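Shared between the two complexes below is subunit A, which pairs with subunit B and subunit C, respectively.
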Partner chain A sequence: MLIKVTSVSFSGLSTIKIDVEVNIAERGLPTFDIIGLPNKAVAESKERVRTALINTGISFPMRKITVNLAPGDVPKDGAFYDLPIAAGILSETECFEIPGSTLFFGELSLDGSLRHTKGALLAALFAKEQKIKKIFVPDESANEATVVGGIEVYPVKTLRQLISYFKSETAIFPAHSESSTEKREHIRVEFDMSEIMGQEQAKRALEIAAAGGHNLLMTGSPGAGKTMLARALPGILPLLNDEESLEVTKIYSSSGNIPPGGSLIRSRPFRSPHHIISQAGLVGGGSHPQPGEISLAHRGVLFLDEFNEFPRSVIEALRQPVEDGRLTISRSLERVTYPSRFILVAAANPCPCGYLNDSTKECTCTRKEISRYRKKLSGPILDRIDLHVEVPVVDIKKLAESLKGPPRPESSEKIRERITSAREIQKKRFSGEEIHTNSEMKNRLIRKYIKLDNESRALLLHASKSFSLSARSYLKIIKISRTIADLAESEKIKTEHIAEALQYRPGIA
Partner chain B sequence: MMKAGCIDIKSSEYPPLLKMISDPPEKLYFRGNWDPGIFTETLSVVGSRKNTGYGQIITENLVSAVSVSGITVVSGFMYGTDAAAHQTAVDSGGKTVAVMPCGIMRIHPEHQESLYRKMLLKNSIAISEYEGDMQPARWTFPRRNRIIAALSPALLVIEAGIKSGALITANYAKKYERRIFAVPGPLTSSVSLGTADLIKKGAYIVTCADDILGFYGRFYPFTNPDAFSEKDEYSKSDYVLKILSEEALSIDEIARKALKPVSETGSDITKLLIGNKVIQKGGLYYLNRGGKRC
Partner chain C sequence: MKSDSRERVMLGRSGEDIAEKYLKGRGYRIIRRNISVGHSDIDILAEKGDVLVFVEVRTRSSSKHGMPEESLSWRKLSQMRKTAGIYLAINRIRKRSRIDAVCIIVGRDDKVTYFRHYTGI
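And now, the complex of A and B:
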């Protein structure tokens, strides 16, 4: 007797249909085999299925069982074939029919219950794409799957429940999307800008970075507040729209980063990998390529603290994704593309001991050490960082004195409003192009969209001479001043915008 | 390309001031174009290896005024104040003498090779009492300092720690009865304590280039445009100059004091920076007072 159950296979974020063919032969020695290029996780499925069935109180058929995962030349990975395989076997032993237009997805526990399984969102999206009406997923993953509207998501708790459902003894009610009740506007900001005292220039740099999508480098002594500033960045970025939310959630779903019961991700991701991270950990990799930190930071912020402690090879691998907003990982068996459009925030100490230019502590480094350190900090990736800012240690006493009068610093929400409108302006400007923000402009587009008047050009030329700016820095200053002008809702770039942009030129200190 | 040679103590071209001390080098090795005229009017400049932004600015201000007046600047070619002094002298078109702590064929520290080449190209010289490519040693630095002190009628100490090579040089200068000038600095800075000590013990305090030039019977030939006189395009950012005239501050502090958004202050200060009205060193902004007053 041959039963066919539909399931799915992932390759990065793309999906293909998998037919799970379960054959329970009338003759032959009792065996249980899974074929169709299963990896270890899939092959172990047979032990899980067998034990789960027995623990559910079903006598496991002592017959020759063959499970084929078709197409047979695609490597299969993941523990979620447990449910389709179990469903196939059960339909034979328990005598029920598996209805058409259904998809099964989920990992079994040995006691016969279903576990939270990564990739439920991708499976649901696939079902919708294939016009499959019903999908059966573990109860804990159902919330994630309901994000995709237009299909019925059946949350399954145990195999026993599934059996009685198919035997029409009990009902399983399709899950409803909980996220639809959660309003986008109610997202709590983790670190509010108003909580950060002082650091006015660094905060302004964050605002410009958020508005134009510029990458940012902060240098400052330990304890100056670089990490806190970076953590405040996601809170001032415009809220994720539905499409962006789905993009982010897909990546998190495929890598198992959505907690049980979790749903659509509404807040901007913030990732801060430690500098001992491997190259595969940062950009993604593995023989069955997994997304790296850069993809998990998609549409959010990638914060690299102690930037120059990262191995050179790891940092170099960032170049392509920073430029293109996505990264293709090619392996012999598959080629996978993950999106990676994020704002890079790098932080570094100004010297090896960390206290150069510090007002409270003396630097103990020699010139040689400092110049060697600086050399490590430079390189091609630094060319892709538009904004450079120094973060000095805030002198609490001085600050408290000067803060007696003026009002509290602005809240993230207020800054976000400015940024959102600056982004709108950019969106309108680049409506005919493939880019969305000023930071993405290449030379051709800079020439096309940015016209400087004579006064501004004169200032810029004068500045590039007295600050000895490179040609690349010159263009960066133009891009930054465009963003500053957008923040000020000024159509023209004025000299004051250029003058402010020059504050963030590289190589000061 | 780089000429090298040796001057014997018996030679008439041997620097006369150096000959007067009790233990002058028997042979003085040099690199560059030897011209005994370079030693006729000299000022020795020493300071901390770890000079602060303040020290850097003072070095630039004083040395440029001294250099422009035609006085040769003698220093030790170490990084920090020494390098700043040599660099400024070369940049102002003046002459400078580097007294090396190592064999004459060696450049120490190595990473300042470009400065070394630039100096020699501009008719300045490097000298040493050691031949060949001898490595510098702990004891060669203080020995070298006696030459720096001896070569000039006056010694300018920009910044010095309480136990520092600059103070060793100052002790030699005292022994040789040279005039000692010391630059006052904030007492919170460890590299201003040595100079404060010198002043306490009777060194001449320097507050402007004329203090030094007066010793040589000169005065600073240029009147610097006063930072506050040009009203036109800077009038908008006058508040920055006013705030900075009290003390050097970071941009955040300036904005806070002026009660203005940092975006506006940043914009204003960049214009002042381009206009050379303020100087940026080590994360702080200083008012550019030129060489007239430091």
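And now, the complex of A and C:
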């Protein structure tokens, strides 16, 4: 007898439909085979399904069982075919019918219960797209799947429960998505801007970076507060909107980064990989490509501390994703694109000892050492970072005094309000385009949306001559000025905005 | 230990007897039993019509340690194919042939509680 169950296959974030055909033959030696290009995880499904059925108290049929995952030329990966295969076998042995317009997805545990399985959100999105009405997923992955409205998500705890549901003995109630009040979970931030004393220029640079989505490089002595500043950045970024939340959650779901019972991700990602990271770890890779840190930081912040300790090859791999906001990984069997629209925050010491230009300590590096150290940083990647800022050491006397009492610096929430309105202005400006922020503008859009008056143009021309700016630098200054003007809610870019923007370019002091 | 292995042989023999009786009843002509080819052997060699049938008999006294079918691993199957091939070659037989398996559970008092005949495995 042949039973067909619908499931899904992933390639990056895209999905295709898989028909799980379970044939239980009357003739032939008892065997259990899975065909249709299964990888190791899929092939091992055999043992999980067999043991789970036996431990549920069902005698495993001593017949020739063939499972075909069609289409047969698409490589299959993942442990989630357990549930569709088990459902197909059970429908034969326990005599129930699997209703049409259903999708099965989930990994089995040997005791017959279902485990949290990565990719439930993608499976649910696929079901909706295919107009499949019901989807059966592990109980712990149900929250994630309910994010997609318009389909019935059935949370399954055990195989026993599934059997009695299909035999109409007990009911499984479709899971509901959390109400909108619960959704607005409190965003957790490590540092509030009000906790950071001094560092006005760095804070301002962070504000501009957050408002326009610009990348930022901070250089400064050890202990100046670079790391602390970077960690405060997510707190001043506006909350993720629904569309962005879904984008982020999709990436986290596909890479198994959503905890059991987890739901939509509402707070901005903050990723800070250590500098021993491999290239594949940073930008993504593998024979079955997985997202890297840059994609996990999508719509959030990627913080690279000790920027010049990162291997050259790893840093160079950042170039394309920083520019395009996505990265395509090509392998012989598949080609996968992951989005990677993040704010890059890099931090570095000015020299090997760390105390160059420091007011409190003498730098012990030789000229040669400094130039070698700088060379690691130089190159095209530095040119792609919009904002360069120096983080000086905080005066301890001032710090001690400020700890005594008010006035406290502005809170993150207040700064966030300013940034949110600046982002609204940008959203309105680019309503017809595919971009959201000033930093994403390409030349065509700069020409279309940015009009400089004569005075500003003259200033910019003068600056580019005297500082011998590159063409890219020139355009970057325009973009930064636009963001600064948006923060000031000024429609026109004024000379003061350009003057401020010039400060953040390297080689201009 | 010794009585154990003797019991195992006895169980095997009784299983083969049951299988032989069954095959005869289904119109098979039994040619020989327990032919040893090299270091492996063929439990029953039978013939039906013009097809030579190599029969492997698997007997268990209970399903406590798994069903008899489960001992027919991929390795055992390929070994059976090889043995049959060698037998055909050394006896210069040019006939259509196939391999069958008979799986039996003989419970207490020599009662057959399970019997399956798989053709052309």
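A few comments on the model shown:
By definition in this document, the second predicted complex is superposed on the first by the 465 of 509 C-alpha atoms of A that agree within 3 Å, B and C clash if a C-alpha of one lies under 4 Å from a C-alpha of the other, contacts with A are read in each partner's own complex, and residues count from 1 in each chain.
Following the convention adopted for this analysis, a contact is a pair of C-beta atoms (placed from the backbone, for glycine too) under 8 Å apart; a residue touches a chain by one contact, two chains touch by 3 or more.
Just so we're clear, the structure is a prediction, and the values are computed from it rather than from any experiment.
Applying the stated contact rule after C-alpha superposition, one finds that A:Gln201 touches subunit B and leaves subunit C untouched. In the superposed model, A:Thr227 lies in contact with neither subunit B nor subunit C.
Look at A:Ser255: by the touch rule set out above, it reaches neither subunit B nor subunit C. After overlaying the two complexes on the shared chain, residue contacts for A:Thr51 are found with neither subunit B nor subunit C.
Once chain A of one complex is fitted onto chain A of the other, the partner contacts of A:Gln503 are limited to subunit B, with no touch recorded for subunit C.
Note on subunit A: of its two partners subunit C and subunit B, the one contacting more of its residues is B. Legend: residue contacts after superposition of the two complexes on their common chain; A:Asn23 is shown touching neither subunit B nor subunit C.
Using the contact criterion defined above for the overlaid structures, shared-chain residue A:Asn68 touches neither subunit B nor subunit C, since it reaches no partner. Common to the subunit B and subunit C contact sets on subunit A is no residue at all. Contacts from subunit B toward subunit A in the complex involve residues 49-50, 53, 79-80, 109, 111, 190, 250-253, 255-257, 259, 261-264, 266-271, 273-274, 276, 280, 282-284. Of all residues in subunit A, those touching subunit C in their complex are 27-30, 62. Contact residues of subunit C toward subunit A in the complex are 67, 69-70, 72, 77, 101, 116, 118-119, 121. Of all residues in subunit A, only 198-201, 203-204, 356-357, 362-363, 366-368, 371, 390, 392, 398-399, 402-403, 405-406, 459, 462-463, 466-467, 484, 495-497, 499-500, 502-503, 508-509 touch subunit B in the complex they form.
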